[in-house]
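Notes follow once the structure below has been shown.
By written order: A, B, C and D. Residues from 1 in each chain.
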Amino acid sequence: MSLSGVIPPVCTPLTPEGEVDTASLVRLADHLIGGGVDALFVLGSSSEVAYLTDAQRRTVLETVIGHVGGQVPVLAGAIDMTTPRVLDHARVAAAAGASGLVVTAPFYTRTHPGEIRTHFRTVAARTGLPVYAYDLPVSVHTKLGADLLLDLAAEGTLAGVKDSSGDDGGLRAVILGREAPFSVLTGSEVTVDAALWMGADGVVPGLGNVDPHGYVKLYRDAARGDWQAARAEQERLARLFAMVHVGGARMGGSSSGLGAFKAALHLRGIIDCPLTALPQTPLNEDEVGRVGKLLAAAGLL
Amino acid sequence: MSLSGVIPPVCTPLTPEGEVDTASLVRLADHLIGGGVDALFVLGSSSEVAYLTDAQRRTVLETVIGHVGGQVPVLAGAIDMTTPRVLDHARVAAAAGASGLVVTAPFYTRTHPGEIRTHFRTVAARTGLPVYAYDLPVSVHTKLGADLLLDLAAEGTLAGVKDSSGDDGGLRAVILGREAPFSVLTGSEVTVDAALWMGADGVVPGLGNVDPHGYVKLYRDAARGDWQAARAEQERLARLFAMVHVGGARMGGSSSGLGAFKAALHLRGIIDCPLTALPQTPLNEDEVGRVGKLLAAAGLL
Amino acid sequence: MSLSGVIPPVCTPLTPEGEVDTASLVRLADHLIGGGVDALFVLGSSSEVAYLTDAQRRTVLETVIGHVGGQVPVLAGAIDMTTPRVLDHARVAAAAGASGLVVTAPFYTRTHPGEIRTHFRTVAARTGLPVYAYDLPVSVHTKLGADLLLDLAAEGTLAGVKDSSGDDGGLRAVILGREAPFSVLTGSEVTVDAALWMGADGVVPGLGNVDPHGYVKLYRDAARGDWQAARAEQERLARLFAMVHVGGARMGGSSSGLGAFKAALHLRGIIDCPLTALPQTPLNEDEVGRVGKLLAAAGLL
Amino acid sequence: MSLSGVIPPVCTPLTPEGEVDTASLVRLADHLIGGGVDALFVLGSSSEVAYLTDAQRRTVLETVIGHVGGQVPVLAGAIDMTTPRVLDHARVAAAAGASGLVVTAPFYTRTHPGEIRTHFRTVAARTGLPVYAYDLPVSVHTKLGADLLLDLAAEGTLAGVKDSSGDDGGLRAVILGREAPFSVLTGSEVTVDAALWMGADGVVPGLGNVDPHGYVKLYRDAARGDWQAARAEQERLARLFAMVHVGGARMGGSSSGLGAFKAALHLRGIIDCPLTALPQTPLNEDEVGRVGKLLAAAGLL
């Protein structure tokens, strides 16, 4: 499987009690597939994976994979601190029928590049699934260097990378350096045309929850070589992306960004409740109003 | 319960296959209690909590709490990324009979001081156990400020703090600012006499696994006002602590530090196997040899 | 003056004694202008500005501005910790005839966004020269946010930004948000086609010292809409850029990167001596050999 | 010269126009010497060295050294980004009659431990003065490790260290590891009794500008073994130190801390004007009022 195209990290709708709202989750999956996306990525950062209990993670996996029924591949985040804990999540994801795993470098511990290699190698060896590295220094406080990624690609450990580092120079080094098939996916919502231009295979946009059609149009414009159209679509989406800052300094970046995505999905009628998990700060009425204005300006409301 | 004294974070011995070696764990608990410690802290960073699966964490809790049988309190780390996941660990710890919980600020997510307050308040409200804040910026990339700790102490949310930040100025601000009973425990192995001198209530020393008698002597010397003896003992222990650097730049800090503690416990005959969990780098023969020399120099071999 | 095009940060050749080698500096300026660049930027990070004494900085300014004689604009870095010290450098640069100033946020001190605004406003008000913000978080440990830059652009404080943050999402936010003329220049050597595609006005490439013709070709290809040619040229330059890693973990990043640029300029016969300033680590023979191979592969030797 | 005792980093009073107020500076020096301090340290971080132009730095050196006339040693900060620039400051300080130099690791550049060694060795070799390492990671973003310091001490490069890292574990490692005479001075205002207890030789307290008598009493209490009295004095000073937070989130840490020291000196009648240099944010009336209350509570007003 060589992944490409638009692969949104699926938000996890919650009930007012904080449990997974499976009805809304199914509607969201349909909304995304209906928007033309190429695969789904559940249990990523935009899915609030860091906030979901193991039982909730399992519910998400079974709900989405069961509902999708093979229409598109479903990648699963196996996000935890170290190898043994990641392996536990990986086993659950494999049993649920995930098409591939998304795995970060170890975090919380003080690690080392050699240990990061051991980590990915062990996860790949002990699961039968393609492993995608998740490069997310803002969360794990380690940047996956191009050399490390290219070595792990060449030896067959990694099937690809989801690069949410914002470092497009590093992204290009991986694109230019790869020899075996290796999916390079950008996680930066606002430079997708540029990443595709450089040779990236696809995008994993959190904002794609809100506007999957936009990212699909952008990808398809680029794929058929109409870069002007791709750029115009990207610029529209970049203006919409401003919603992630709506909470400002009043809250953490996760609360603001994920709160905005969920508020937008709620305003668009796709999910029943915009709640984010504890201990995130909820958006207030004014902030939700500003999300609504951005949606309206983007033609989505 | 107002905790004081020596409360070692109990290492988790593993079998060669990477499972919890309960026989060695029981021996280690006996070694610590025999050394005179005042309480045990399982599932802390020195326990490799970041590497233990949920099943292994449960095994540790049940093994130690069951074996100790109330001789001393047993604190349990409930270490995970956010509130819902911490609550899951807290429930398991409570069911196993833990005397209190040790909880860090959220990590992996981009958080905010207001959200950290919500986090501790929620954990305290939903469990019936005393909650100790675990200030560990090297792992969670957030420093718990004195104001935040003192507010949460005054309102009764927190029962104490384990300060592993290395910032003794901040430690003193908490000591001088507290009004209600609030246990201040240092996690810095090499400045214990100084912390006690400032008014700290106790110490949570990873190195206490290797030499509990030393830390107990240090604490008791200080408690009866013989500061010269306390300092001499601390200086002996500070020299022993050099073992944590034995792996140097060849590996991550966790591998070197926890590897050294386990190598020392193995050399002293307390645990059967010095293995650390994946993806940590094992110490080589030379490095183990240097641990042995430091043990010998400290009169422990 | 609205700056655009290729504006290399001019390396500062040194004699074996560590003084500015003005003959080599003049040759380098001719090499760059002969390569077709649109302006020069002296006393930037790639110029080793952090290593040059005030007297050496003055020599560089007078040598280059005097030699260039108005053929192209010459920007001058006024790089120091805070406003009063930056103003001193700015006065020297203005007296020497610089066309504009390049200024970072304060560093060494613990600063605040409001203070960064005061800093740029004061420098702009007290000098008669256009001020370009230099966004270089790797050196000054502060990221200039899009909001701050756009505010300072709208009020006329800043004439542009040199973005060396590597954050192309932030770069795009500035491009999309600017209303007044405001030069957006990327400092990332390997994503220039992408930055121009997004609407950036130009590039300030350290590697442009070594191969100005390449960056000029890339810029002109893009300017006339031949993006395929621009990308091909950028990819050639991206492979050449690998030279900056030649020193590996044996030395600091400045030593390796600036050492490689100077080794390449020496191998190409443009400067007499490849020495970098103290306390940088010199490249060894093997490392210089690898620079030579990259030059040969790029058709430059 | 083996330095010990209380060595305050002398604040630099400014006129309303931002120039060095030499009359106030002389009064401040007299206030400190009258308070019993053992030496003065000019051009440190608390002296706003980062904000002073070269001419102002020279004025400070000549004013203080000239006025003090050898009553106590005067150390001079030679604070700049790299070796050549530090050497320039060092020459001025030597010519002015400084007794020793205080030097940080390189900053702004991306450096390496080997290059930090070269830096200190070069400065020591090319000046005839004792060199004290200034360990200030909050400003220079590099921590000076105990191994590096001990090596440079053993070879005679360094005469001592001013440790403002807040890492008392590292401080102790240097104290226990030193063999040759090597002055260990803490820069942490609120753990001085603890540092002296561990074997430190003295303290460089910014707050010592405001209350030199307090730090001198603390040091002398400790020196004659009356640790209870030393602790009581330290606790009084720790409460006074709260003034550094008076500006809160409204400004940067330098503005708040240095603004508070200067406001206190102004309220106490020692300096004529509490201005801090640009681009720092001035304290407002309410904030100055709170500084006054802390002074009153400490018996200083």
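Throughout what follows, a contact is a pair of C-beta atoms (placed from the backbone, for glycine too) under 8 Å apart; a residue touches a chain by one contact, two chains touch by 3 or more.
This one's a predicted model, so the numbers in the text were calculated from it and none came from an experiment.
Contact with both subunit A and subunit D is made by B, C.
Taking the mean of C-alpha positions as each chain's centre, the chain lying farthest from the centre of subunit C is B. Rounded to whole angstrom, the centroid-to-centroid distance between subunit C and subunit D, based on C-alpha atoms, equals 35 Å. Mean C-alpha positions place subunit B and subunit C at a centre distance of 48 Å.
Residue positions of subunit D with contacts to 2 or more other chains are absent.
Listed by chain label, the pairs that touch are A-B, A-C, B-D, C-D.
Residues of subunit D that touch subunit B in their complex: 166-169, 172-173, 176, 188-191, 193-195, 197-198, 227, 231, 235, 238-239. Across the complex, subunit B meets subunit A through its residues 18, 50-54, 56, 79, 81-85, 87-88, 106-112, 114-116, 118-119, 122, 138-141, 250-255, 277-281.
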